[in-house]
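Same chain, two partners: chain A is paired with chain B first, then with chain C.
Up next is the complex of A and B:
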């Protein structure tokens, strides 16, 4: 026998059931890519129902895993309530994004098959990042979320703004990856491991300058990805240049992916050194909320408005990370649950607002806020839905935005960080100003045009589902809060 | 004796890397910058050799020098980018230099402080075995290994989509 083969490699045990959502999603992506080859030019749209079926299959796999808690692949992949909650969320967001995309991409005769393939790849990255428990998987999953995103932004090749947006996104993404990777390599240098649980036990104290530096680099890398101020410059230009459904994707699923990675890393690997990173997040959160909201006040373009408001919204989630204090485990759990709740609700309501903007702009309409005057008289349902999503983003009933804000406020009070609570309060008022200004335009001004805005069934369904989910969460919050409580690490 | 010998090699390659690294950012010719990058990356490979990591060193040569830089050169040629001496400066040299200098000072200060006086004992080691790297990739790191394939596929499809010339379609 060949002596080289004598020593067999110890194979890690693979729990195929735990990997089922990822396998279905990756399989669907490949299937869509191959099917696209054989579809005639006027039937390329079939890639969309195929993708939807795949995402529903993934969702089924996620549901079949409920109540499972297991790790596989030598501890680098974990299935728990947290990862399942976010996998489910990515599937729901993915379905809504597909519905937003369908007419847009069909009408534009873009690369439909490739678009859906890239979208599925990005969602696959999201599924993986929720379960990844070592630095390398975490990093690669994060790249898998953003790299297809760059290509999707660049799909409108003839448009100069699309090219500019894609280039900015690409450069910032590469730079942030480099910074983050450098930080991760330092973490590996300090601890000698890439597995998060091992890093946690061997990282030592937060007094060591090298630990502080490495954690700082990692946080800065993530701050670029989630477009936190002062690393946000790429986001509005990229969203404006991108096809609007892609902007919706970047603002929700992609950003949530970054936050999931951040939560996993901070709470699985660096909780012992929280006193070094919590103040960094406090500064980032205050800046992100305030600057995002102040710039949003002056926007005339709906997508840019949503981009800046999205930046401001991510400030509230950063607040939850800023509250972490090693001496107060109860408050930490509350802050973690608040971050999870905020992410889930933010994803759905922001996607709803983007869907409404896409629906309005579909037939020669534009994205300028002045065009929204009198929408209530032209298309009452669209105006009601859009208004609902905006009010929800502002943090008021009748949708679940209120719940999200309440939980973050409660966590802040519990952690006794009152200055952040005040900053949040002021920001909620500023944000309400521009959301309400748009709502006033829609409901209380006279329209220049009379004809109603035609909304295709698919888009109506997407908005309807988002609105229904949000109303349900407001009426019966335990739907989400129980899941969030169970997902605490 | 062996120590001084290694020290000389280390400082020689260090000088090569430092000079080439500075030239990468100061030269005005893109092709020259790419070639200086080759020298820097080769210097990094030699550092790996000095650390008894021959396999990593050769991967560095194959992937970075062999593939990445060649790809850059091909990219420059195929896209008909301005190859001659072009001025890409935007009057922010000073800011860039200050930022880079500060970053270098802080990181090197902290690194030296953290690892000062620690020595790696290489006696008896035969370097990293390729076998152990292979085992790590296909046991602990099999998940990232598989995800990278999806990532590369997405990047490949994306590159084709972006670089393809559209036939007779005009974007509004």
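Up next is the complex of A and C:
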């Protein structure tokens, strides 16, 4: 036998425990798909408790890995505090999304089994991206998140808007993947490796123009995925056309997945050349916040409002990337921690807001802001929760949105990028206007209908858990800040 | 000195009460009212414990506690009161039960009303007790939402506009303060901290001080409010329900003046000194402008709102003249304004409950139909004008005296403001209470009821007490006032003073 061949097929050693969360999640996804084949038509909903059990199992696997730091699969897969934090977050978000989805899909008799399967696949992608440490696994994880997303958007295949949304999402996704892959191939060409840590060490000073070009392509690719302005055009149409729980997923878990990949790539592979890419993020951040907020001001449809507000919110996370400066490690750590904190809090509060919008739309199916008039008098608890999530997105108590904003502001001041602090300040006031406008509708105006909005227990539980988590994070921020501090690369 | 955490209990008791009230049935209106009254009264009783244990001879912070909150980021839970904040804590805890009494006319959505009111009280008390900038900022923001909802949900016709304006003005101001706080946080050498007492004496260049002072000043000037940032106030005060107006005028505005005293001046003394003429000019403009606009008001509540702008101008004037009399007078006048304007809003609310109008023209001759109410109104009006023997006189006299020592000629327009106050208040009083009863709707109105006595008598007693015997108040104010004044006077005195202030 050819000795060279024998060497090349040597399997890298696999640490199965490190892979446990992914294995549980993938196993559950397959189980759900198979089970769906055998479930009678009126029992398809069982796919949801199955999925929930799988996610809880995944969460247990994540917990069992706490304090583990290891790499496996030949250095392409790393388990550390950062990846565990986000795996845990994806599980929590996944559970909330399941709760939001259940009644929606059961009532509509959409493809329940397929939906939960696709959702689990996407979450699986999220788990992988938190641990991916080379270009190929990063790319695959990113596609794993977004391709099932495209199908989920199109689940209501008779609906023209759903088709339009899915098609836009698909085209933008493919385009961004192509751009990103091109950038990655350039990186490989320059450095001769796909492993992020090796890329970091082998970027020489002479390679700058090519590195800048390749980083630029990669960043543009990611900008599509996280719907940063000016690459955001697909998002509002897609969110509006998609089933609302899917919009909730795209706006939170899927977007956070993109940000996680971006953080990993930028901090593991390109921190040394941060002075070339930080200004790009600064421009993206300022544009994303400002344009997102200004367009959100004019929205009459709650999902579109949340879509644009979500775009504006990702601007704050992009700010953290814009602050990176190779000469100031302390400020960089602060910025990284701020990004982690913001992502976690944003995910929970935005999902809460979507849950409330879904709950409201269950009867009558309306998403127009004008229909929210006097919700307070019809369903005080729903109005209070929705109001709480919105005010938290605006950055005021009694939920943790304030903490998220504070840490991003703090990182900006420490990095001495004052103009971005001013842009953020102005944007916070603009954003407060449209969040308040919705709150004003719900609390200050009189309702046209008197009947209360009935909220199923599962949705109430989802919102209640999100609200409780957010209040806890405001009362005792170290719950999250400690984890964020430990997850700094 | 007692180790019992009086102050922390005072701060969080209303919030705990609010949470418990969440479990009460929403239909039992009387139960809800008495529960809110019980919680706020209990808070006041505990705050008397703060008062009793306050050490007059100590100019530092007392009776607080200190714990870690977010240790990695240098954020602590640190509380304490000195001779300035002591009075504001007491004022808040004293007026909130009265505001609850003034809210008997709220008949719809009673449960959330009191829950928001109690949450607001915790926010206000927290602002006055925080000695950690992060904590302070959080409490500052905590006051925002409940007040927004109180105005927007229970206010009068134009309430939505007023509520939005209130929220956005305050938010914009507070973001500037946030940036300044964070800059200060990183500017301090060594381990970054939000601890106020450690931040005192941070060496900063004059340029930086100017910028940071402006950041804080913008936020506080919106809250005070100083002209030209005052436009939210007449709307918010006029449209808010009575309890909201009382707490807005009596307490929330003091968060602005308190912030100037506690943070803007001591943290950036050089910039503050430099800004004195500008701030004093704004204060004087506020005094004269507020009074002139008040004269022209047709709406009684709006008149009282504009009078607040004038009165707060006096407070700011006293604080910035850089004399001990001015400073003590300014601090005392914060309490005085809280009492007399709070009482005026209660009385206007009482009139509204009877006649459902706020227009001065709809009244007339009420002294004949409700003589007792008219007498009480006159008493409070006199206090607001500054009649000797009542509290307003002591505060305004000290402020004018202090201003005279510092800046002789500035006293002239300020004194003019006192005269104008007499004009707008007495003229309004004459139109409402004197003359013949022209409108038959005014002919048969009920006079003061027991509940109204309960809410006004304590205020009147204090108005009289401060008027004839202000010593116990001034004794506690002066040590802390002196410390702030020294920072405004002479830069060579600053380091020693700062040393003394450091460390609990």
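The definition used in the following text is that the second predicted complex is superposed on the first by the 478 of 489 C-alpha atoms of A that agree within 3 Å, B and C clash if a C-alpha of one lies under 4 Å from a C-alpha of the other, contacts with A are read in each partner's own complex, and residues count from 1 in each chain.
Note that in this section contacts are C-beta pairs under 8 Å (C-beta built on N, C-alpha and C of every residue); 3 or more make two chains touch, one makes a residue touch a chain.
All figures in this text were calculated on a predicted structure; none of them were measured in a lab.
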Inset, instruction - For A:436, decide between first (touching chain B), second (touching chain C), both and neither. - result: second
Inset, instruction - Name the contact category of A:449: first (chain B only), second (chain C only), both, or neither. - result: neither
Inset, instruction - Figure out whether A:380 sits in contact with chain B (first) or chain C (second), or with both, or with neither. - result: second
Inset, instruction - Please work out whether A:34 is in contact with chain B alone, chain C alone, both, or neither, and reply first, second, both or neither. - result: neither
Inset, instruction - Pick one for A:178: touches chain B only (first), chain C only (second), both, or neither. - result: neither
Legend entry - Partner chain in contact with A:43 - chain B first, chain C second, else both or neither: neither
Inset, instruction - Between chain B and chain C, point out the one touching more chain A residues. - result: B
Inset, instruction - Examine A:210 and indicate which partner it touches, taking first as chain B and second as chain C; both and neither are also allowed. - result: first
Legend entry - Touching both chain C and chain B, counted on chain A across the two superposed complexes: none
Legend entry - Residue ranges of chain A in contact with chain B within the complex: 7, 9-12, 26, 29-30, 33, 73-74, 76-77, 109, 111, 114, 117-118, 121, 124-125, 128, 132, 134, 136-137, 140-141, 143-144, 147-148, 150-151, 154-159, 190, 195, 208-210, 213
Legend entry - Residues of chain B that touch chain A when the two form their complex: 106-107, 110-111, 113-114, 131, 134-135, 138-144, 147-148, 150-151, 153-155, 157-158, 161-162, 166, 169-171
Legend entry - chain C to chain A touching residues, read off their complex: 69-73, 75, 109, 112, 119, 134, 137-138, 141-142, 144-145, 148-149, 152-153, 159-160, 163-164, 167-168, 171-172, 175-176, 178-179, 182-183, 185-186
Legend entry - Residues of chain A touching chain C in the complex: 376-377, 380, 391, 396-398, 402, 406, 409-410, 413-414, 418, 421-422, 425, 428-429, 432-433, 436, 440, 443-445, 474, 476-478, 481-482, 485
